[in-house]
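After the C-alpha cells below, expect a handful of questions from me.
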Amino acid sequence: MEEEYAGGVEKKFIYINRRAPHGTVYALESLETVLIGAAFDQDVSMLFIDDGVYQLKKDQSTDSIEFKNFSKAFRALEMYDVEKLFVEAESLQERGLSEDDLLVDVELVKRGEVKDLIDQQDVVLSF
Amino acid sequence: MEEEYAGGVEKKFIYINRRAPHGTVYALESLETVLIGAAFDQDVSMLFIDDGVYQLKKDQSTDSIEFKNFSKAFRALEMYDVEKLFVEAESLQERGLSEDDLLVDVELVKRGEVKDLIDQQDVVLSF
Amino acid sequence: MSTLNIVNKSPFEKRSLDQCLSRIGSDDAVLLIEDAVVVAMAGTRYESDLKSAAAAKKLYVLTPDVEARGLADKPVVEGFTQVDYKGFVALVTEHDRVHSWL
Amino acid sequence: MSTLNIVNKSPFEKRSLDQCLSRIGSDDAVLLIEDAVVVAMAGTRYESDLKSAAAAKKLYVLTPDVEARGLADKPVVEGFTQVDYKGFVALVTEHDRVHSWL
Amino acid sequence: MKFSILVNEGPYQHQASDSAYQFAKAALESGHEVQRVFFYHDGVNNGTNLTTPPQDDRHIQKRWSEMAESNKVDLVLCVAACQRRGIVDEGERDRNKKDATNVADGFRISGLGQLIEAAIESDRLVTFGD
Amino acid sequence: MKFSILVNEGPYQHQASDSAYQFAKAALESGHEVQRVFFYHDGVNNGTNLTTPPQDDRHIQKRWSEMAESNKVDLVLCVAACQRRGIVDEGERDRNKKDATNVADGFRISGLGQLIEAAIESDRLVTFGD
C-alpha cells in the first residue's frame, strides 16, 4: 500500500491507452498505475484511442485463455475519484464499435480535440 | 560450440528477416542461429523482406549507440556455406534502396515469387 | 504445398497482416490469434479488405482470443472460420509448414 | 503549450507515426528514434507524406540511430532536423511535456 | 505428429508464452507429441524459479514445469540468451562466478543447436512471439 | 532541469533500455539532474545481477549501476513487475520464500507510487519502451 503523498503539489496526469487488452500487459498495468496513483490526489484523466478502445469492451471473457479478467475494475475507478474517461469517437467508429459496447460511461472526444486535451496536461503516461 | 549433427536428415530451412536492425535483437539472433545451424549441414536460405532489408545496409556505424556492429558477419556467411541470400526487390524499392546499398551479394526476388520460395521449404524460422 | 500463416497483431497497430496477405497464395491459410482477432469481426474499417481476402484464401480466427476481448457478440467477417486451440493444432497438421508473421 | 512526441517504430512496420501525426498541432514536435529513423531518409515510399508533415510541424531525427542503420549516406527528407542525444535532451526541455507513442 | 515450439517472449508482458502453452496443451490433448519447447530471446525469462505472480493469476513458470513433468516435454533455454538476461543453472553459476542459480524445475539450459535439432526431428515447428 | 525516466523493456531484446541510458547520460552531461529511473513491466529485468553478456558487448546492468553510483540516480524496480518476473531482494526473498536474491547494486525494489512521485517532482518524465 502506498502512503498518501504529502508534497502538496497537484499535477494533471493523462494516461493514454492505445493497445488492445490481453495481447500485452500494458492495459492491465495502466489500470494498476491509475489505482495506485489515486492515493496521490492528482488530477487524473484516462484517454482511450486506437486499439485502446477495446480495453473498455463489455463482456470480456478470459476463462479459456486463463487470464485475469481485469476489465471489471474499470467500473471501480469512480470510487477512486477517477472520473474523466475520454474515448476518441473516430477510434470507436473505425472499429465498428459504439458507446453501447463499452462497460463504463465515457466522454467522447473527436480526433481534432485530442491535442487540446493533451495540451492541458503536465504528465503523459503512455501504455 | 555445437557438435555436428549425425541424424542424417537434411531439411530445407528458411530464415525470414522482416525487422530493421538494432531496434530489436532479432536481426542479430537470426545471424547467430544461421551460424550455429551451419554445423547441422542443412539446406539454408535467408530471406530479407519488409524492414529486414535494412539489416544488409552498408556502412552501419554503431559506435555512438555502443552496440556491437554485427552487420559485417553477413560477409562471413559464405565461409559457412550459407550462400542463398534472397532480398525482395519491392521491399528495397519502397525504401529507396538498391542492390548497391547492400554489403553482400544477394539474389533479388519479386514479391510474387516469395510464396514459391517458401513452398520449397520444410521449416520457416521468423525473426 | 501449403503454409499456415499466423498473424498476432491488430492491423490497426501493425502492418503484418497486410504484409502476409500480399505474399501468400490461394492454397495457403491465415490464422488470426491474440490481438489480431479484432479485425475478424464485422464492422471494422478493414471489413471489405478481409472479405476479399477470405474469398481468395482460407482465413481462420482463434475463438478463445475473440472471447477474451469481448467480441463474441459480434459476427465474424464473411468467410472466416472460428477455431479453438484444438482446431489450431489441427490446422498445423493439415499444412506443410507454419509461418508466424512476427 | 507544446508537446515533444517521440516515435520509435518504422512506419513500414507499425502505424504509430501516422497515429501521432493525425493528433498533434503545428506547435508540436516529433522526434524519430530507434527503428523509426529509417523514414527520415529521402527516397522512401513515405517521403512526400513526411515532407508535408514537416511543412506543418517540427520534425527531428536522432543521428546516432541513423548512423547505426547505415543511413548517414542518405539525405534526410526536406524539413527534418538532425539531433544527437544532447539535442534530444534540449528538445525535452524546450517542450512542456513528452509523449512517447509506444 | 511430433511438434516443437519456439517461444520468443517472457511471461506476462506479451501473450506469446500463454499462446504457446495453450497450443502445447491442446496438442497433447489431441494425442500429438510435443518433443521440445525452445525458449529464445526474452523467452528464457519463462524459466526462472524466482517469480511470485499474484495468487489470483496464472503461474506461467509452474504451468510449464508441470507440463514437462507430466508429459516429458523437453524445455530448453537458449544459453546465450540466458547469459544476456540472467538465467543461471549450476554450471553457468560456476563458469560465470555468480552467487545464485534461478533455473526452474523441468527447464535446462543448452545451445541454439537444440532449436535446429528440434526443427529437424519434429514434423512441425510453431513459433510464438511479439 | 530535473528529469525522471521510465523504462518499459528489459535489456538486449529492445533498444528501449539503451536509448534511456544514452538519454540519461546526455542529460547528466548537459548539467541536468536525473532524479529517478523507474523500471516497469519487463524493464525490471535490467536490474538482475545474474547477467553475463558477451565480453565484446555492452553490459547494460553494470552501466546503470555505475550511473547510480557516480551520479546519485535513484534506480527503482516496480515491485509487482519484479514478482511476476523473478527479480528478488532480501525482503522479497524472505516474504515469498525464495532461495536466492538477484537484484543488482544501485537498484532498489519499490512500489508504483515511486513512479507517480517522480512524475510529480520532476520537470519532465520521458518514457522508453517497445
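Lettered A, B, C, D, E and F in written order, each chain numbered from 1.
Convention: a contact is a pair of C-beta atoms (placed from the backbone, for glycine too) under 8 Å apart; a residue touches a chain by one contact, two chains touch by 3 or more.
Bear in mind that the values here come from a model prediction, so they are computed numbers and not experimental data.
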| item | value |
| --- | --- |
| Where chain B and chain E overlap in contact partners, by chain label | C, F |
| Chain-contact steps, minimal, separating chain D from chain A | 1 |
| Chain at maximum distance from chain B, centres defined as averaged CA atoms | A |
| Most widely separated chain from chain F, with each centre as the mean of CA atoms | C |
| Chain pair with more C-beta contacts, B-C versus C-E | C-E |
| Interface residue identity across copies chain C, chain D - same or different by half | same |
| Chain E-chain F separation of Cα centroids, rounded to whole Å | 25 |
| Whole-Å separation of chain centres (CA-atom averages), chain D against chain E | 38 |
| Between chain C and chain D, centroid-to-centroid distance (C-alpha), Å | 32 |
| Geometric centre distance via CA averages, chain B-chain A, whole Å | 41 |
| Multi-partner residues of chain E (at least 2 other chains) | 12-13, 15, 22, 41, 54, 57, 80, 125, 127, 129-130 |
| For chain B, residues contacting two or more additional chains | 18, 22-26, 50, 65, 67, 123-124, 126 |
| Touching two or more other chains - residue numbers and ranges from chain C | 8, 12-13, 15, 34-35, 64, 84, 97-98, 100, 102 |
| Touching chain combinations (by label order) | A-C, A-D, A-E, A-F, B-C, B-D, B-E, B-F, C-D, C-E, D-F, E-F |
| Contacting residues of chain E [partner chain A, same complex] | 12-15, 18, 22, 54, 56-58, 130 |
| Touch list for chain C against partner chain A, complex | 8-10, 12-13, 34-35, 38, 41-45, 47, 63-65, 67-74, 84 |
| Residues of chain B touching chain E in the complex | 2-3, 5, 7, 9, 11, 13, 25-26, 29, 32-33, 36-37, 39-40, 42, 123-126 |
| Residues of chain A that touch chain E when the two form their complex | 22-25, 65-68 |
| Residues of chain A that touch chain C when the two form their complex | 18-24, 50-51, 54, 57-65, 67, 71, 94-97, 101 |
